[in-house]
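Going in written order, the chains are labelled A, B, C and D, and every chain counts its residues from 1.
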Amino acid sequence: MTATASPLSPSPSTADADEVMTVTAARALADGSSCFVGIGLPSTAANLARRTHAPDLWMVYESGTLGASPDTLPLSIGDGELAETADSVVPVTEVFNYWLQAGRIDTGFLGAAQIDRFGNINTTAIGDYDAPAVRLPGAGGAPEIAASCGRVIVIVRQSPRTFVERVDFTTSVGHGGGPGDRERLGLRGAGPVRVITDLGVLEPDPATRELVLTSVHPGVTAEQAREATGWDLAVAPDLATTPAPEPHELAVLRSLTGRG
Amino acid sequence: MILPLDRAVAELVRDGDTVAMEGFTHLIPVEAGHEVIRQGRRDLTLVRMTPDIVYDRMIGAGCARRLVFSWGGNPGVGSLHRFRDAVVNGWPRPLELEEHSHAGMANRYAAGAAGLPFAVLRGYAGTDLVGRTPTIKPITCPFTGEELAAVPALNPDVAIVHAQRADRSGNVQMWGITGVQKEAVLAADRALVTVEEVVDELEPVPGQVVLPSRVVSAVSPVPGGARPSYAHGYYVRDNDAYRAWDAVGRDRDRFTAWLRDEVFGAAGGPRTPDRAPGEDREEQTA
Amino acid sequence: MILPLDRAVAELVRDGDTVAMEGFTHLIPVEAGHEVIRQGRRDLTLVRMTPDIVYDRMIGAGCARRLVFSWGGNPGVGSLHRFRDAVVNGWPRPLELEEHSHAGMANRYAAGAAGLPFAVLRGYAGTDLVGRTPTIKPITCPFTGEELAAVPALNPDVAIVHAQRADRSGNVQMWGITGVQKEAVLAADRALVTVEEVVDELEPVPGQVVLPSRVVSAVSPVPGGARPSYAHGYYVRDNDAYRAWDAVGRDRDRFTAWLRDEVFGAAGGPRTPDRAPGEDREEQTA
Amino acid sequence: MTATASPLSPSPSTADADEVMTVTAARALADGSSCFVGIGLPSTAANLARRTHAPDLWMVYESGTLGASPDTLPLSIGDGELAETADSVVPVTEVFNYWLQAGRIDTGFLGAAQIDRFGNINTTAIGDYDAPAVRLPGAGGAPEIAASCGRVIVIVRQSPRTFVERVDFTTSVGHGGGPGDRERLGLRGAGPVRVITDLGVLEPDPATRELVLTSVHPGVTAEQAREATGWDLAVAPDLATTPAPEPHELAVLRSLTGRG
């Protein structure tokens, strides 16, 4: 299980933090399930899953490509490769109304510029909305992915600037202010069930809905994860160590990203 | 009906207009955007789900007063720096924002296309967009009592899209990822379509969307007009150009020089096929 | 996933279900309707924009308790006499009606497909449908104050449609006039698709609608399963059979004999290709 | 102008009443305009217009076939011929929402089982709705055609049973109860501007919106039209005689209907 050299992994045999993050995210996707894929790490993770344990993962990109199976990693959510390999290409209205809003997607992947202790996400602006310190791209498909996918997995690198007590702007609702908030808001999916970072994995406490550190990646300590968090991060009593990437996972990942 | 791009833009796009240039990653009408810049249009309300580099350029060139959008980034690369500079620093002029989600924008176009004043969706609940965006209001289902979100129809003065082909009567054919272009065209008062080519007969193609000529105000042949975006079946997305835009857009001086060389330097109407926009990429990234 | 028609109907259609069999003139799942009759289903709420002869037969056979529809005629011919007889005389049993317009029905399916509780349209204003149909209510645009009509989503227990082809994984492909079949399938809890043929690979076709296998409960190969309606690319509409139905449907005894000979006489599952339903036409019109 | 024999019209050279009705309806369609076509007489009239004075008439059938140009008369609104010859085939949701409701169709053609003095139409039931004497097919696309087309032309054979003081059921709104009703109801099109029968042509009085006999077909008297009407039909002071079908119109019509 340790990352020893293998004929399949020609380059450094130890996975770096981003690779552990991506492999951990890929493993969270069950074979045969459907996944709403954003660009960047989510797309890498989903495509990795499809090439390892989940060949029948059904990837939906918001450009309207249903069941895409690209040979290479797309740069955008609308690369031609996605349309060419999709089971069906539908208008953007349909992907949002007939597929996402109707609750047909099992897992939504989201990134974040800020995420708070209840898994709420900001991708709109840092600081005051009307005079922002940093203007971010905005909502895109995220609010409805967060609302309507069966569950949400967040992939984001961990730092105190990103993991904040309270997001400056709630672009996408996680667990709101705590238990019952999603139900009150009429959000149908379970919301963020896992936040996968470069240090470990956070999951909402079943009772309080606050994110708790449930796993650290190999070589990472709970204290390191707590220091990279802007709130007083709780640590699960049965804190696990994330299983390291298998050599074949790493090899496939590196063939995808062009590293290795 | 079939007009050179400069004449079509001159006739169809006016100062102060609400302009929707659509194309979801694919078939983005980039050259038409450059022509709007060349013609010095001002005070536009620019509408687009994913502003992308074409709006970054138009905003940087000072065409826009207001932006109605849902995701303002450089897809797969990062930020749009001209957009950021306008929002944060008001350069070259302040930019008002009206922000929605993709789902909200798509449904706003659909309502506009359908002649309805508003659309209903499960969206926005619990987000700070609700307080910030006056064009999001609650609506109650008269049958179940559920509360949902209402958004008003988008009915731009003019829609501009790019397509693969048109016939000589102005019927337009596009295929591949077709996004919300049909809805944008149907929602608008006027519509300009730039195309890769004008053909005698539109041979049916799987996945095609056909826009009948009666909803198209003008067709302009602009081969390569979507570059560095792509036209399925004609050329692929120039991902390097998107990456290279980051450095150009990041710096006001570099952007201004780029604008002078690459947009105004090509003045006098749309570029001809022997100097397709994509060929400028090397200079642009230099 | 791929099941003989009799097994698929046995598993997916239950007494008391709300069943939507769609197909707008084209691709009407006639043979599936016959199988529902053969299996003696009762108390169905039948939903369909244009009931057509397939529902005329099911109503005459006593399967239906209620009909949700917008136009109950024999297209191009005249009335549906079994439908009339049930409404006017309660034969073979009374039939409750819930009437909408085509626009209302189409939007109800679309809302059902989109996971919304209702749809909004400019419709019904001033008509007597408003008073007669409780599933039409007023709704006010929160932006303009205009009053429009709201109709509740349709979410049938089971949708049944006919298509040209499916692959072995159950992905379904149809083309030509595709009506509201996509919406009906997406709006339903379960979906049965009868197809002309099962193929290894779905070669893309212009104008195609593809239903991914994950929204299809079962595919049943039933060549000729849309006759006397048609399957674009396979066989044409048998207009004579529609005309001939008028005389059969007009008379209870003749209808009962037809049912015995043509539906129950073919019992034991779907008809095999060497005795395709269309071949019965001569007997039917005799 | 009289229907004399011509090489183009081999069969009886005098048009019968239905033929005059159909030709008169065809003439009402301007070249280049768009027309929402129902099956039966409307389809015959539209296809006749396209083969005579209006080659660029843009026919829309509710099955979703936009710009159909069938070689033969379809029996249903969804014959394969329509799809094969259309500029575009769209889903039924789109034809009603994006084309009809959005006000993109100039002329809508409607038939009627009953029509009243204000052009309101019944195609639902004769007698009491709950215990009807005759159950008719119902609404179909008619309510929204009557509401949203730029104008409506009704084609219907004239008789006291059909032309009634008040329809038993308002399936499609004409001019409601009189002036201002369409505006009050938010109906955007002009409503019925012409009712073409086998006896003549009725048009709404500009002030009262009541249908007035403005033209009688050749050989028909105003009194015959009044006798075929269930209300006290007003006759226009400048009552015209409908121009008889031209030989070439009749020849084309008969080639379409298979008579001749």
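In the analysis below, contacts are C-beta pairs under 8 Å (C-beta built on N, C-alpha and C of every residue); 3 or more make two chains touch, one makes a residue touch a chain.
Everything numeric here is computed off the predicted structure, so don't read it as measured data.
Novice: Of all chains present, which has the mean Cα position farthest from that of chain A?
Specialist: D
Novice: Which of the two pairs, A-B or B-D, is linked by more C-beta contacts?
Specialist: A-B
Novice: In angstrom, rounded to a whole number, how far apart do the mean CA points of chain A and chain B lie?
Specialist: Going by mean C-alpha positions, chain A sits 29 Å from chain B.
Novice: If you average the CA atoms of chain A and of chain D, how many Å lie between those two points?
Specialist: 59
Novice: Quick one: chain B and chain C, Cα centre-to-centre, how many Å?
Specialist: 40
Novice: Listing for chain A: what residues touch at least two other chains?
Specialist: In chain A, 97, 101, 148 touch at least two other chains.
Novice: Could you say which residues in chain B touch two or more other chains, in rising order?
Specialist: 115-116, 121-122, 146, 148, 182-183, 207
Novice: For chain D, which residues are in contact with chain C within the complex?
Specialist: 39-40, 62-65, 74-80, 82-83, 89, 91-93, 96-97, 100-101, 124, 129, 131-144, 147-148, 169-173, 176, 181-182, 185-188
Novice: Help me check something: in the complex, which residues belonging to chain A touch chain C?
Specialist: Residues 34, 58, 66-67, 87-88, 97-98, 101-104, 148.
Novice: Please name which positions on chain C make contact with chain D in the complex.
Specialist: 24-26, 49-50, 69-73, 75-77, 79-80, 83-84, 87-88, 99-103, 106-107, 109-110, 121-129, 132, 146-148, 176-180, 182-183, 207, 230, 232, 236-237, 239, 242
Novice: Would you pull the chain C residues touching chain A in the complex into a rising list?
Specialist: Listed in rising order, the residues of chain C that touch chain A are 113-116, 171, 182-183, 186, 210-212, 214-215.
Novice: Could you list, by residue number, the parts of chain C that touch chain B in their complex?
Specialist: Contact set of chain C toward chain B: 115-122, 135, 137-139, 141-144, 146, 148, 150, 152, 204-208.
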